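Pasting the structures in now, so scroll down.
You will see chain A twice below: alongside chain B first, and alongside chain C after that.
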Partner chain A sequence: MIKVTYVAHDGSRTDAEGELGDTVMSLAINQGIDGIIGECGGSMMCATCHCYVDEAWVGATGPRLDGEEDMLESAASEVNERSRLSCQIKLTEEMDGLVVHLPEEQV
Partner chain B sequence: MSFSQATLIEGHKPISPASGIPAWDIDPYDVEILKDPNAYYAELRALGEVVYIPRYSILTVGRFETTRKVFSDHENFLSSRGVGLNDFKLEDPWRPPSIILEVDQPDHTRTRKVMSRALSPKVAKGFADLFHETADALVDRLLGQGSIEAVADLAEAFPTTVFPKAVGMKDVNPRYLVDYGAMVFNAVGPDNQLRRDAMSHAGEIVPWINAACARDRLTKDGLGALVYASADDGTLSEDEAGMLVRSFLSAGVDTTVTGIGNALWCLSQNPDQWDALKRDPSLIRATFEEVLRYTSPVHTFGRTAGQATEIAGFPVEEGTKVTCVLGAANMDPDKWGDPEKFRIDRKPVGHIAFGAGIHGCVGQNIARAELEAVLGALIKKVDRIEPAGDAVWRPSNAIRALDKLPINLIPN
Partner chain C sequence: MSKGHVVIVGAGQGGFQAAMSLRQEGHEGPITLIGGEPGLPYQRPPLSKAFLKTGEAEKLALRPQSFFDAKNITLQVSTWVDAIDRTAGQVRIGSKVMAYDHLILATGTRNLRPPIPGIERALDLRTLEDARTLRAALSRPCRIAVIGGGFIGLEFAAVAAGLGHSVAVAEAAPRLMARAVSPEMSERFRLLHETLGTELHLGNGVTEVNERGLLLKDGTEIAADLVLLAAGVCPNVKLAHDCGLEVKNGIVVDETLRTSDRQIYALGDCAAFPCARSGRLIRLESVQAATDHARAIAKSIVKGESAHYSALPWFWSDQHDLKLQIAGLADPQDESLELPDGTILRFCSDALTAVETVNNAKAHMHARRSLNSGSSPSKTQYLEEYLGMAVR
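So, the complex of A and B:
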């Protein structure tokens, strides 16, 4: 199992355990974590799965994938250099312990 | 190995299914099934992870996880050989293939990027005023009429008014747009009466559609112009831009017509859910998601195995056509618990009515914006939606749409 911690905008933390191949988005949906909507189900069409990868984990999650940049332009909250679409972060062993921060709003 | 035309079944290679895959002697494109598919969906799921349909020599999947997996597995299950029963590698398609829907990576990546930029959430938001004003005016007009036939009066009237404007089309012919959609979607089925009837209009409609997609037939401020901008910067050729505008017209009208009709059907059949929506308008978007899950406007699309592969552990030979029954997956009790209930508070994130993965509907933001406007106008102005006769379904090889929906809109 791969542990992911979601830090809400108000600072509250929720831990979830995912499997290889889950995405940070799909895990949040399955665990009922507020703050990630994932309206398009991961087709990179909605930007309602925006998250900020914690500084310590930027290396493990790697750079944005092709097309993410464009869709992030439609994100409801501020986009910074750690912004990712969480549906494009597929969990790997190296991400065990991953921390992501959630934006104030997604729509 | 090569196959002569005569050995093909529905334009694809016949298969010998792996042992253990149950065979089911049924015609999934029988009009009675298409009109009322839930029993077929249930039986398909009950039979197994994957089922062999001898009549068309295809494999079919309908359980949620397997359907989602096959439909989004673009490496093993190709789109470039057609998303219907014809294998484009073995037989020429009825029209030049779509350069977004019917291509694989890496070709797909380039055109998809252009389209997802042109149809982004931001762009869709930009149409909100047009959509809301049009929906408000349309509903006001209908409220004066007493009972209406909601398919023609509302479900077709709304998209055929706003969508050509959004695209920036100078040529307007609502009937052709609806009939072109019927052709495109019936064409993914077998060579049955539905497909032949839809195709019988091709001679008249196809040239009109192609002409309407040309640069000089489009305004400078619509979705069409956004696509042609990619021809100006060299990302696309002029012809490719025209082809992508054609995709708007193929995929963007019939689908939203169906979405609106099905939403009205769901809400007229479930007055308690209508009341719940009136009480809490913040559930508009969630309501549409549930309509999509519950009715799956695109009920079945297919893929072709690009190489020997497997489904749920069963070997699948190269060239196998696999139909993915999105409607069955969206009604799978293993995934949804009580799928037969239409519940606007379900929030069915992950339904596959818009597909999944790299080909997932690129027009979904526009579709949601249209539905938000229509449902928004209705809950503002209408007290109750009452059936005024039996709903009649319009069978199609890929779309689950109404033909007639008589209803009364009772004003506030």
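So, the complex of A and C:
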């Protein structure tokens, strides 16, 4: 199991346990975490699964994938250098303990 | 504050989104989401794509049961509404009735079954159950014939060809996806599918489905063990029609997505709504329309706002390694202009109506922003802007 902590905009934290191959988005949806919508189901057609990777975890999650940058331009909340589409972060063993912060709005 | 009972008929992506958005907007009253299929509401787009390869049904659920419990949304699955009594403000389910203060019709579409002899032999690809059946059939080598060269038929054909099956597609129109894309884009996908080894029969409708496969208009026979029918859909309008609501290729709604009955809305694939750009009544089959309609309706119910719906349509289709993205809405006869990078612009009397791209998220998002900004840019304006972007 790979533990991921989602920190909502108001600071509240929710822990979830995912498996290899889950994405940060799909895990959030399966756990009913509010701050992630994932409207297009991970097809990179929207930016409603925007998250900010915690500074300590930027190395483990790696750089943005092809096309992600362009979709992030339409994110509802501010985009910074730690912004990712959570549907594009596939969980690996190295991400056990991952912390992501959620934006104020997704739409 | 809105406290009434909202009943949503149809638990697809639009119906589900309406329930979720109502809670997000602060609706305090009860919400009942009624779906005809068994199980949790799920995403349909992957059924013709990833699901056929992975078979991971659990990944399709839009939200787990715990979400519905936590949000106090009553989910009634395997349930069909039989009638709407507008005078009483009730829906009837078998011998029971359920009162509503607001009713949202999210009944979606069903597969069009053209009156072709033997058509009952053809399988559908619309529900999770359909996709499971097809996936099981794909587990051994077979000859596949697809009726219809639209998004669904071609997505399925690409997956099947990729898995090593022999695939043929018969399309009555002279080109692929003719309703949705430019002739240039149709051509590009024709080349893709031919490269994948798929046999394309264009401008050659199916006249018979039999135990050997398909018979086409020009007499060609296509040998097939499995026939998929993907020749379009028709909206589920019977409930609306039977209770006297206007129906015209969909349940007719106004700019605020209300039917002629102020308590009843319609959304997504089953709704015929006025296009904010052309004013014409249109019906869209897309996740975008379903979810944007749902959010607008939730706002209207909770906040009492009746802003005119004007969200920009967008679509996508994944076929093999090509991701087709369309921003905007073009008529089949709109002009097209192909740019050196492969982007195709569509125009109607010099105003940009849609932008088609392949594997180019940047150009797609640029188009969405540009078309969303109110008035449609002209050909010159857009080209200047676009070339400027390419230079940067």
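Following the convention adopted for this analysis, the second predicted complex is superposed on the first by the 107 of 107 C-alpha atoms of A that agree within 3 Å, B and C clash if a C-alpha of one lies under 4 Å from a C-alpha of the other, contacts with A are read in each partner's own complex, and residues count from 1 in each chain.
One rule holds for everything that comes next: contacts are C-beta pairs under 8 Å (C-beta built on N, C-alpha and C of every residue); 3 or more make two chains touch, one makes a residue touch a chain.
Being a predicted model, the structure only gives us computed values, none of them experimental.
Trainee: In the superposition on chain A, see if there is space for chain B and chain C together, and answer fit or clash.
Mentor: Result for chain B and chain C: clash.
Trainee: Going by the contact rule set out at the top, does A:I29 touch chain B (first), chain C (second), both, or neither?
Mentor: both
Trainee: Thinking of the overlay built on chain A, is A:G41 touched by chain B (first), by chain C (second), by both, or by neither?
Mentor: Both chain B and chain C are touched by A:G41.
Trainee: Could you tell me if A:E73 is touching chain B, chain C, both of them or neither one (first, second, both, neither)?
Mentor: Both partners, chain B and chain C.
Trainee: I'd like to check the shared interface: which positions of chain A are touched by both chain B and chain C across the two complexes?
Mentor: After superposing on chain A, chain A residues 26, 29, 39-41, 43-45, 66-67, 70-71, 73-74 contact both chain B and chain C.
Trainee: Considering only the defined contacts, which chain A positions touch chain C in the complex?
Mentor: Listed in rising order, the residues of chain A that touch chain C are 26, 29-32, 39-41, 43-45, 66-67, 69-71, 73-74, 107.
Trainee: Under the stated contact criterion, what part of chain B meets chain A in this complex?
Mentor: 109, 112-113, 116-117, 119-122, 285, 289, 349-352, 354-362, 364-365, 368
Trainee: Mind listing the chain C positions that touch chain A in their complex?
Mentor: Going by the criterion above, the answer is residues 43, 45-46, 59, 61-64, 66-67, 70, 287, 291, 295, 314, 316, 318, 323, 325, 359, 361-362, 364-365, 368-369.
Trainee: Please output the residues of chain A touching chain B within their complex, sorted ascending.
Mentor: 26, 29, 37-47, 66-67, 70-71, 73-74
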